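So, here come the structures, one by one.
Heads up, the next two complexes both have chain A, just with different partners, chain B and then chain C.
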Partner chain A sequence: MSIRAALLIQRWYRQYAARLEMRRRCTWKIFQSIEYAGEQDQIKLYTFFGFLMDHFTPASSERNLISHIFRKNEFCHDTEWERYFCYKSIEVTDSYTGPHLTFPMTFCGVSKLVEAFKHKQQLHARYVLQLLGETWRLLRIFPNISQISAYHNKQITICGDLHGQLEDLLLIFYKNGLPSSEKPYVFNGDFVDRGKNSLEILLILFGFLLVYPNDVHLNRGNHEDHIVNLRYGFTKEVLGKYRVHGKKILKLLQKIFSWLPLATVIDNKVLIVHGGISDKTDLDAIARVDRHKYGSALTPPKPTKHAVNGSKTQTINNREACGPVEGRRRVCSLTYCSSGPAHRHDLPRRSLHNAHISSQLNWSLEKELKKRRRLAGFDQSYRELRTSDSDPESGETTETDVGEWKQIVDVLWSDPMAQNGCIPNEVRGGGCYWGPDVTEEVLGRHNLQLLIRSHECKQDGYEFCHNRRVLTIFSASNYYEVGSNRGAYIRMGPDLVPHFIQYQASRTCRELTLRQSVGWTERSALRALREQLFVHKSDLISAFQEFDPNNKGMISLRHWASATERVLNLGLPWRLLRPQHVSSTQCGMVDYQQWIRELSITEPKQEISDNSILETMYKNHSNLETIFRIIDTDHSGLISFEEFRQTWKLLSSHLQTEISDKAIADLAQSIDFNKDGVIDINEFMEAFRLVDISAHT
Partner chain B sequence: MADSTQSAEAIVSDVHKKIRAAFEAFDYESNNTVDVREIGTIIYSLGCFPTQANLHDLIAEVEEDHTGYIHLDKFLPAMTKVLLDHKFPCIPEDLLLQAFEVLDKEKKGYLEPEELTKYMTQEGEVFTQEEMDEMLTALADPEKNLVYYKDLISQLTIDPDM
Partner chain C sequence: MAPKKVELKKEAVKMSPEPETAKEPDFDPQSIKIEFSTDQIEEFKEAFQLFDRTAENQKKILFSQCGDVMRALGQNPTNAEVLRVLGRPRPEDMDSKLVDFETFLPMLQHVAQSRDKGTYEDFVEGLRVFDKEGNGSVMGAELRHVLVTLGERMTEGEVDNLLAGQEDANGCINYEAFVKHIMAG
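So, the complex of A and B:
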C-alpha cells in the first residue's frame, strides 16, 4: 500500500517541481530580455546624438542646445584637474559622525571604512575626494593589463559583477577574508549601477587597492562609464548622497574609470576581462593603447584638432557625451556593421531582438548608420572606411584609433555564443558575440588556457561554456529579484584550477519556500513586463479584436496568448506564462479590455492635447531621462522649459513623429508641478512611473 | 477547457504550439535540440504525470541514438500523441490526499520531514538526496518544519487547461 502511495506522491511531486522550473526559466528570460533591451536602448541614444551632430549647423535654432550638450571641457591639463579636485578646502565639522580617514591608507583604515559602511554611515566628501584622488594617481601608473601570479601557494580570489550590492561584497569578505598580501583579489568590473551602494563598494575596493596595490586588481567593466551611469543609477546615487560635492566626485570618478586597467592575466595562462573577446582581440595591441583616451567606451574616439586658420577651435578632449564636431570626416560606426543581414537568423535567440522594437520606434541602428554615412559623404561599409579620404585640415582619427577603440569595446561588452563565428552584438549594442572557434583561436594565439569573464548574470553564479575554456563569474546575488540567482566567486591556486563558492545574500530569500521564491521573482518579472505590454496597448487591442468579431469583449485564453505573442514578438512562452498573467478569467475566457486596464498606468495630472505624445514618451522614457541628465550640466536636477522644448523637437524629428509646439507646451506645463518655469527631472520621471492600479499581493 | 467549436486540425495545431513553446525554453543553441536530461521537465510542464518508467520509454523512442540530445522532429509527433491520447493524466486531488494519508500512519494531519524522507528515498521510484532536499524546501512549513499535506494539495493543484 505504502509503495503505491509513495509512487503517486513521487510522480506528483516531480511534475510539480518541473512546472516550477519551467516558470523559473521563463522568468529568467523576461528579466534578461528587458535588461538587454535597456542596453540596446542606450545605444540608440548615441545614434540620436549622432543625428544631432549631423544636423548641427551654426544657423540652426537648436544650436544653443546642441553646443550645450557637446560642451567642451573647461580644463585640459591634469594639474588643473588636480586643483579642481582638491579636497583641502573642505572642512570636516564636529557634527560629522562618520569615519575619519588618514593617509596614506592603512589596512586599519580600510577595515574601519568597511565597518562604517556596514553600519550605514556615510563618508565625508573631503575623505571621498582625498581617497579618489589618491586612487587616480595610483591608477595612472598601472599598465593596461595586470600580470599576476599564483606562486608560493597563494590562492587568488576572483569576483565578478557586484553592481552596487554591498551585501554581496560583505558576504564575500565574510566567507573569504579581506584582501591582503596573503589574500590577493581580482575584481572583474561592473562595481556600480543598479544597486544602491555603488559608491561604498568603490571606496572599499579603492581603499584596498591603495593599501595593497600589488595584490588587489581591478578590471574595468562596461558600467565603469559615465554615460552608462547616467542611465543606470550611479550618477543619481552620488548626487543624492553628496549634494554639494557630488558633481566633483562624479568628474573625478569619470577619470578614474578611464584609468582602470582592462585585463588581468594570471601566470600567462588565465585571462580575465569583464565582457570577453572578439576574433580581432590582440593583447599586445591592448597593452599598447592609451586607455584613458576612451572615457566612454561606447563612443568612438574624437580627432584631436589643434587651432588652425586662426580659428578659435580648442582641443577637444574625448570625455563628453558623444562623437566629434567634425562629423563629416570622422569614422562614424558605433558598432561595426556586419557584412549583411545574412547572419541574422543565426543570432542567439535569447532576448528581445532589435527587429520588432526598433521598427516600433522608427529607429533602427542600420538605418541610422546608413544615413549618417551618406551624410558624411561615403557609402562604404565599415571595412572599407580605412580607404576613405582624409581631410588634411582635420586631425586624424586614424584607422589605428578606431581599431584600438574596437579592441576595448569588444573586451568590455562581448558575450559568448554557442555557434561558431563572430558577429556584432546587436542585443547589447556594443562588442560582439563570439563562438567556440574564436575562443580556441584567440586563446591559442596567446598561449592561454582559460578565459574568465563576467558581464552576464548566471543562475548559479557561474557557468562554463566553450568546452570549459570560458568561465563566467557573477557575484551579485538576487540580481533581478530576491531569489533569482546565487552569486559566486572563484578561488584559484597555482594549479590554476578554479574552485567555486556560491552564496545568496538576503535573509529573506532563505526563509522563503521554493514555491514562494519562484512566485516572488516571477511577479517581479511580470511587473517589469507590464511596461512592455502597456507600451503596445493599442496594437494589443487591435489584435484581440481580430479574435472578437462580434465585439463581446471576451476572447479565449488561447487567442489571448497567440495575439500577445504576435504583437510583442518577445519570444516568450506566453502560454506557459498565462496562468500567472491573467487573473480574471471565466470559463477560460479573458475580458481583454479589463485586462488592458489592469496593466499599470498612471493618469497624467493634466489633459494633454496629443495622446500620441504620451505613448511616445512612455516608449522612450528612460532615454529621455538620460538625455535630460546630460542637459542638466550642473546636476541641479532642473532643466528649463526652453531646453525641454528643444530636446523634444529634436527627438521627435529624429523619431519621425509629429509633435506640435502646443503639445510640447502643454506637456511642459503639466509637468511643471511647482509652476516655477523649470522642470524637475525627478518629478518628470515620477509622473510617468507606472503605477499599480489593480491590487497585486 | 477546449473550445468546443474547434476542428480537429485546430486542436492539433494548438498542441503543436504548446509543445514547441515548452521545447524552446530549453533549446539553448536555437537548433531545435535539447539535452535529454531536460526532456523530463518539458514533458511534465506540458501537464503530464508520467512515471519514471514512462519517461524512460518515451525518451528511448525519441532520443537521437545515444547522443544525449533530442531533436524536435522526433519529439513533436511523439509528444503530440501523448497529449492527444491523454496518456499520462493528472492525479486527482482526492487520490493524492489518500496517498498522503496512507503514509501518515498516525493520522496526525501532517508528515514530519524524516517520515517523508524515509518513504521518498526508500520506496517506489526513489528520490535522490538532492530531490529530497528540494522537496522539503518546497513543501515544509518554514516555521514548524512539517509537511501539512492537506493545505498543500489545495494550494498546488494544476491548472486543468494546460
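So, the complex of A and C:
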C-alpha cells in the first residue's frame, strides 16, 4: 500500500518539477531573445551611422551630430592627454566623507576602497582620476595576451561577466578571498553596464591591478567599449555620479578600455577570452596588433594611409576644394583627412557582415536618403553617387586593418554553436557563431587544451560545450531577474582542471522556494514581453488582418502564432506562451482585437495628437536614448530643441519612416519644452517609459 | 502555467496496479496511432524544442530528458513506463542517445493513453495512507522518509522542493491543500 502511494506521489512530483522547468526555460528564452534583439538593434544603428559618415557632406548637420564618435582624438600625444586628465587641480574639501587614497596604491588602500563601497560611499573625483591615470599608465605596458602560470601550487581564480553587480564581486571576495600574490585572479570582461555599480567594480579591479600587476589579469569584454556604454547604462551611471568631472572620467575610461588586454593564457594550455573565437583566430596576429587603435569594436577602423589620388578623383578634389561645401553631395571622402578613402564598397565592411546583404541594403537606403535629403532641403544640388572605384593601394592598407579588427571583434563578440562551421553572428550583430570543428582546429593549431570564455548568461553560472573543450563562465547572478540564474567562478590549480563555485547574491531570492523564484522571474519576463507586443501593436494588427480577410476579428491559433513571430522576430514558443497571454480561445480561434486590448499597458498621460510617433518612440526607446547621448557632446544631460529635432530626423532616416516636423513640435510641446529651451534627457525618457499596470496590482 | 491536457475517456477511480514487470511486451511505436490534433502537435513541438540543448535546429533531446518533456506536457508516467517506451535502454545510453520529435510523438501518445494516470482522488487516497490520526494531515518527516526510501526514490533535494512551504509549525502537512498545490503547479 505504502509503495503504491509513494509511487503516485513521486510521479506527480516529477510532473510538477517538469512543468516548472518548462516555465523556467520559456522565461529564459524570453529574456535572452529580448536582450540579443537589443544588441542587434544597436549594431544596426551604428551601421547606419557609419553609412551616414561616408555619404553625407561634412557640413550636414546630421553628420555633425554624430561625427565626433568617429573623430580621431583631439590631442595626438599622450603627454597632452596626461595634462588633460590631471587630477592635481581638483581639491578635496573637508565636507568629503569618503575614503582618501594615497599613491602608490597598497593592499590596505584597496581594502579600504572595498569597505567604503560596501558602505555605499562614493570616491572623490580627484582620487578616481588619479587611480584611473595610474591604471592607464600601467595598462600601456602590458602585452595584448597575458601569459600566466599555475605552477608553484598557485590556484588561479577565473571570473566571468559582472555587469556592474557589486554584490556579486563582494560575494566572490567573501567566499574566495581578496586578490593577492598568493591568490591570482583573472577577470574575463564585461565589468560594466546594466548593473548600477559598474564604476565601483572598475575602481576595485583597477586598484588590485595596481597593487598586484602580476597576479591580477583583466580581459577586455564587448562592453568595455564607450559606444556600447552609451546604450547600456555605464555612461549614464558615471555622469550621474560625477556631474562635474564625469566627462573627463569617461574619456579616460575610453582610453583604458582600448588598452585592456585581449586574452589570457595559462601555462600555454588554457586560453581565456571574453567572447570566443572564429575560424580565422590567430593568437600570433592578435599578439601583434596595436590594440589601443580599436577604441570601439563597433566601428571598423579608418585606413591608416591615405591613398594616392587617382585621376578620376582628382577633378572632384579640385571642385570640392574650390567651392562651398554645403549642399554638395560628397562623392568620395578623399579630401577629408579624418575619414580617408571611403568607397561604395566600404559599406559591407561597416555592417560587419555579408557584403551582398549590405549592398542590397545600401541601394535602398541610398534611394531613401536621397529622397529624404531632398525633402529636408539639405541638398542644393547633388549628383549621382559614383559606383565603386576601387583604389588598389588603399584597398591593401584597409584590408590589414580590417583583418586585425576582425580578429578583435571575433574574440569579444562570438558565441559557440553546436553545428560545425563558422557563420556570422546575426543575433548579436558582431563576431560569429563557431562550431566544435573550429574549436578543435584553433585549439589544435595553438596546442591548447581548453577555451574559457564568458559573454553568455548561464542558468548555473557555467556550462561546458564542444565536448568539454569550451567552458562558459558567468559571474553575474540574478542577471535577468531575481532568481533567474546563479553566478559562478572557477578555481584552477596546476593540473588545469576547473572547479566551480556557484552562488546567488540576493538574500531575498535565497529565501524563495524554487517555484516562487520561477514565478517571480516568469512574471517579469512576461511583463517585458507584453511591452514588446504593445509597441508593435499596429504591425501585429496588420499581420493578423492578413489572415482575416472577412474581418471577423478571429484567426486560428496557427495564424496567430506565425503572425506574432513574424512581427516580433524573437524566436519564441508562442503556443506555449499563449495561455499566459490570450485569455480566450474558442475552438482554436483567437479574438485578436480583444487580445491587443488586454495587453494592459498604460500609455503616459501626455496628450499627443500623432499616435505613430508615440509608437515609434516606444519601439525605439533605446535607440532614441543612445542618439540623445551621442548628441549631448558635453555630457550635460541636456539638449536643445534644435538638437531634439535633429535626433528625430536621424532616427527617421535610420528607420526609413517619415516623421513630420509638426509631430516633433507637438512632442516637444507636450513636455513643456519651450519654457527654458532645453530638455533633460533622463526626464524625457522617463516620461515616455511604458508602465505595465499589472505590475502595481 | 497549465499545459494542455490530452482528453481521455473517464476511467474508474482506482489505485494504480503494480509497476510493470519484464513480462510486458516491448513497446512498438509502429502500432501507435496518433490521435493528437494538429494544434496539439504544434504545441508539443515547441515544448520539445525548448528542451533541446543539443543544438540550434538539431531538434533532438536526450533519452534522459524524455520523461521530463512528457511530464511538462501534462503526462505523469512513472520512470519505469518511460524506460519501457524508450525500448529499455542501457543506463549509459540515457545521457548520450538522442530522440527526434517524430520518434518522440508515438511514445507520448502511448503514455497519454495509459489507463493508470492517477486522479486527484487517487492522489489524496495515497496520502491518506500516511494519515495516522485520520485528521487530514500527515507528518512531513514521515512523508520525507517514504519518498526517499520507497518506490522510485527521490533525492533529499527533490523532497525539499516538494514540501517547501507546506509544513506547519509542527511539521504537519494538510494533504488536500498539498495535492491542490502540486496539481496546480
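Assume the second predicted complex is superposed on the first by the 512 of 697 C-alpha atoms of A that agree within 3 Å, B and C clash if a C-alpha of one lies under 4 Å from a C-alpha of the other, contacts with A are read in each partner's own complex, and residues count from 1 in each chain.
FYI, a residue touches a chain if its C-beta (ideal position, glycine included) is under 8 Å from a C-beta of that chain, and two chains touch if they have at least 3 such contacts.
No experiment lies behind these values; they were computed from the predicted model shown.
Asker: Now for A:Ser2: first (chain B), second (chain C), both, or neither, which partner does it touch?
Answerer: In the superposition, A:Ser2 touches chain B and chain C alike.
Asker: Which partner does A:Val244 reach: the first (chain B), the second (chain C), both, or neither?
Answerer: Once the two structures are laid over each other on A, A:Val244 reaches no partner at all.
Asker: Given the touch rule stated above, what does A:Cys26 touch, chain B (first), chain C (second), both, or neither?
Answerer: A:Cys26 sits against chain B and chain C alike.
Asker: Quick check on my understanding: which residues of chain A belong to both its chain B contact set and its chain C contact set?
Answerer: In chain A, residues 1-22, 25-26, 29, 418-419, 513-515, 557-558, 573-576, 579, 588 are touched by chain B and also by chain C.
Asker: Which residues of chain B touch chain A in the complex?
Answerer: So the residues of chain B touching chain A come out as 1, 3, 14, 17-18, 21-22, 24-26, 28-30, 40-45, 48-52, 90-91, 95-96, 98-100, 102-103, 119-120, 123-127, 131, 134-135, 137-140, 142, 156, 158-159, 161.
Asker: Touching residues of chain C toward chain A in the complex: what are they?
Answerer: Residues 1-3, 15-16, 18-19, 38-39, 42-43, 46-47, 49-51, 54-58, 67-72, 74-79, 118, 122-123, 125-127, 129-130, 143, 146-147, 150-154, 158, 161-162, 164-165, 182-183, 185 of chain C touch chain A in their complex.
Asker: Quick one: in the complex, what on chain A touches chain B?
Answerer: Residues of chain A touching chain B: 1-22, 25-26, 29, 348-349, 418-419, 511-515, 556-558, 562, 571, 573-576, 579, 587-588.
Asker: Which residues of chain A touch chain C in the complex?
Answerer: So the residues of chain A touching chain C come out as 1-23, 25-26, 29, 417-419, 513-515, 557-558, 561, 573-576, 579-580, 588.
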